[in-house]
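In structure tokens below, several structures.
One chain, chain A, links the two complexes that follow: it is found with chain B in the first and with chain C in the second.
And now, the complex of A and B:
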């Protein structure tokens, strides 16, 4: 009996150690990023690395206001917010239809939305570049918003369809007897009930648009340049100002991390819904 | 369509028609947008891949399959395929294994697991480009924290490890600048970033494994944990694994941000990390060779479509147990 519990305790301990190792593996880059961003340039490049140091916010003020990164952050924000609202606005009705109605071609339509979610349109950078260039829309917010829509719509539709399916049909039927139209049912019954799921899909839209790099590089120059595209140009040359670079990275990552921490449970559920069925 | 009584048939048909119309009406905006923004560009890319078009030229010539021919004969593109497939073949199984391992560990510790889950998931959500820059700083040959930490071990008993002994006498690897290491470092960061996603998928899969199955397996003589895993958990996770593998493959094929951050010019030392996405960007956008860029795009699209169809086929062949 005692041997068994001893063995169990050992295995629990080794599990704990493994979990901690993975934890450090995951989190160390974040730790290093934030601490370096709070170091003076000389301290940041010190050998051996300084683990205890004087905190300074100089890097942040310099990056935000002298190098104008706030403009890029604002661009990122505008684009991400617009994409999020549009994809919910267009995606919710589609999801409702897929969840509630039977119609010919529904299965193919569904498969198509889902395929798009996987074959993300990232491969289409080149044709987009040409089309956009001919339409003289390079370097505008609108272009990035439209393109991000295409890869956010399927996700929104995917998550929201699941949400709508989870709402009992009795509610609809009761409403029909009361004389409500389908639109009314959608707006006044299903949408409020599905709100948490819709919010999660919105957060995903926001994060994916915020994180995107390739299209931002290809389709923007100055006006609409997003923060990640800006950060790339920081990395050119020698004697890089690592303190400033890490401050920029922190500014880019922080909104995402906040979302991920606040809504982690819902995000995880949103991602895995439909995936495992 | 369900069975209907003949006298209600007409009524139900009408109802169905109306439903179909409403349904298509509701789906239409999203659908039209996706056709416009997705299918049109594919057609354009397909067409351009057969030309020698470049921006600024008035016209272009049809060159047939010459661009594709070039992709399969030049050594640069051979390196491109090698880099892409090495990345996929390394990152997919390891991030899958690590994801499954982490899921089993997190699952076994109960409530506390939620905290670990959240933290393991952070790299997935964090802006990859920003994190790539952080890794670049950490991997810097002289001022990076990794090589500096390795140097601490010099002169201690740890030198019995050949890698450390070699590094102490001849200098530690340049990592990103080293043609022998570059692709592996790229893979490592891909794994760091992606395994949390797989873990989350596996955790969801694990909730669907019924407790009774374990009892049944124990009755049948599966005494140790490994047996139980092999006989119950792994088969039950079949559908999840198919999904994990497909989605990891697609994500791995699309690696771009890290390559762009580490080697903005040229795709790494000796082109060892010249992955397809980067090649499309470099050829098509930076060097204005739109024909060849489009040809790479089409090949890429074919790979990804193949993977997706493969997944659908596997799912339909019933991987459920």
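And now, the complex of A and C:
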């Protein structure tokens, strides 16, 4: 008996140590980013690193007000919110159609949606630039929203189609007998039940749009420049202002965490429990 | 009230013909059960009435109106699904009232009708709960409530009790039968469970391979089946089928004659169906003898299986609890039967009433019938 409990204790201890290692591995980059953002350039460049230092918010005030990063954050927010909204708004009905209706070419369409994720984004960068320049849409919010939409829609459609497929068809049929249209079934029955999947795809969509760097660098200059593009622009030749870059990065990460926390409320499992059987 | 009529209905899924040709009339206010083994097409028939499946050809009418091309919601039907199909994100009240809400009824009327339906099914205290907070039986009642509240002409039930445990199934069976007596609507009920069919319905349609073999009252289906498949499907334990020979009016079983009938048929082989209760233990030499291989004691009655001596045939018979001491495994027993209880079928399984005895017809050869 004692041997068993000793064994159990050892196993719990080793699990704890393993978790601690994983936690440090995940948290440390965030810790480093936040602490560096609170150091001035000299302290940030010290070797060995200074674990105890005088905290300064100078980097934040400088990037926010002097460099105008708040405008870039606002651009990022506009672009990410619009992209996420449009991805969900267009992707959910498409996913519902793929999950519920039979039509010719359905399988091909399903595959085609995902093909643009198979192409390396850099391959499309130059063609996109030329098209956007010809359309005179360079450095606008609209262009990034449309381009991010093409990347996010497949993800939304793939995740949500699986969610809709998991909803028993009996529910649709019960609603049809009661006089519900397909639109009503989608809106009142399937969409609320697919909420966890919609939330997940929304989070993915938001995070992708918020963090995307390459297209933002290629297609924007000043007006629609996003926060990640701004953070990179602090790097000039040999001058690497770590404090400013990390302060901007911290400002970029915070909204994502807030958004994920809000959306995760929708991720409650077992919502469909009790529907059938 | 309404009647459902199928006229020459066929249904194919791709190249597979599921319902070859269906003609069926369901009387107004009746409780008709479609019963048959899995895959016989009974659920497809129900779904065609509901409008959830299109018919390949033929017409379906409800209450005299051709509904073949009507939307499900315009047919005046309500359906209770095997899986209940409750909307998990809605409360019991919202589930029951969803159809009325779609019909744009005033809120007060919806509330009133939901409450009425809930009261009928003793759900009035559960109206604010969600399906996941209910037991299986309660969910089933909500599903029935959702059907009742719409006041349909025809109620369709698709194996609604198969997810309930045995005890609850018996209780819900009685509740559904009572509900039918109370609201007097037409009920069409699909099941593979012959006990449900026998206990609830006033008409049973036995289906096999997409066709209706017989549609009659439960007692007729059990006691006077037209087809050997009906006789074999209905009845638990299963009916005993024994090969018999007919030679110029004399019927014989394993070489022993047991009756004479007036028949023009010269010589042929037939099959005799005997329900387990038609066989009983005989003190002297009965028509059948063999050794007991299995005994099922159900309390009020005992069923025993007997391997017949020198024959590759096993029969089941019903004994009374008083005879239990005679039913030890391996014991040799002699069994007798009254030929008037025997149902005769030809090789294709069709009933041959002309070869049967009736109480009115005195038996010509009776000496070895009652051992």
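The rule is short, and it goes like this: the second predicted complex is superposed on the first by the 217 of 277 C-alpha atoms of A that agree within 3 Å, B and C clash if a C-alpha of one lies under 4 Å from a C-alpha of the other, contacts with A are read in each partner's own complex, and residues count from 1 in each chain.
Just so it is clear, contacts are C-beta pairs under 8 Å (C-beta built on N, C-alpha and C of every residue); 3 or more make two chains touch, one makes a residue touch a chain.
Not measured: the values here are computed from a predicted model.
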item: Touched partner set for A:184, first chain B, second chain C, both or neither; value: second
item: Contacts of A:173 with chain B and chain C, given as first, second, both or neither; value: second
item: Touched partner set for A:140, first chain B, second chain C, both or neither; value: neither
item: Partner chain in contact with A:253 - chain B first, chain C second, else both or neither; value: first
item: Which of chain B and chain C A:131 touches, first, second, both or neither; value: first
item: Larger contact residue set on chain A - chain B or chain C; value: B
item: Chain B versus chain C as contact partner of A:41, first or second or both or neither; value: neither
item: Partner chain in contact with A:56 - chain B first, chain C second, else both or neither; value: neither
item: Doubly contacted residues of chain A, that is, touched by chain B and again by chain C; value: 271-272, 275-277
item: Contact footprint of chain A on chain C as seen in their complex; value: 50-52, 71-73, 77-79, 81-89, 98-99, 102-103, 130-134, 136, 139, 146, 150, 163
item: Complex interface listing, chain B residues touching chain A; value: 1, 16, 19-20, 22-27, 29-31, 33-34, 37-38, 40-42, 44-45, 48, 55, 98, 101-102, 105-106, 108-109, 114, 116-123, 125-131, 133-138, 142-143, 145, 148, 151-152, 192, 196-197, 200-201, 203-205, 208, 239-240, 243, 246-247, 250, 254, 256-257, 260-261, 264, 277, 280-281, 284-285, 290, 293-294, 297, 300-301, 304-305, 308, 312
item: Residues of chain A that touch chain B when the two form their complex; value: 15-16, 18-19, 22-23, 25-27, 29-30, 32-33, 36, 45, 47-49, 90-91, 93-94, 96-98, 100-104, 106, 109, 111, 113, 115-116, 118-131, 133, 146-147, 149-150, 153-154, 157, 182, 186, 207, 210-211, 213-214, 217-218, 228, 231-232, 234-236, 242, 245-246, 248-250, 252-253, 256-257, 259-261, 264-265, 267-269, 271-272, 275-277
item: Chain A residues within the chain C interface of the complex; value: 168, 170-171, 173-180, 184, 189, 192-193, 270-277
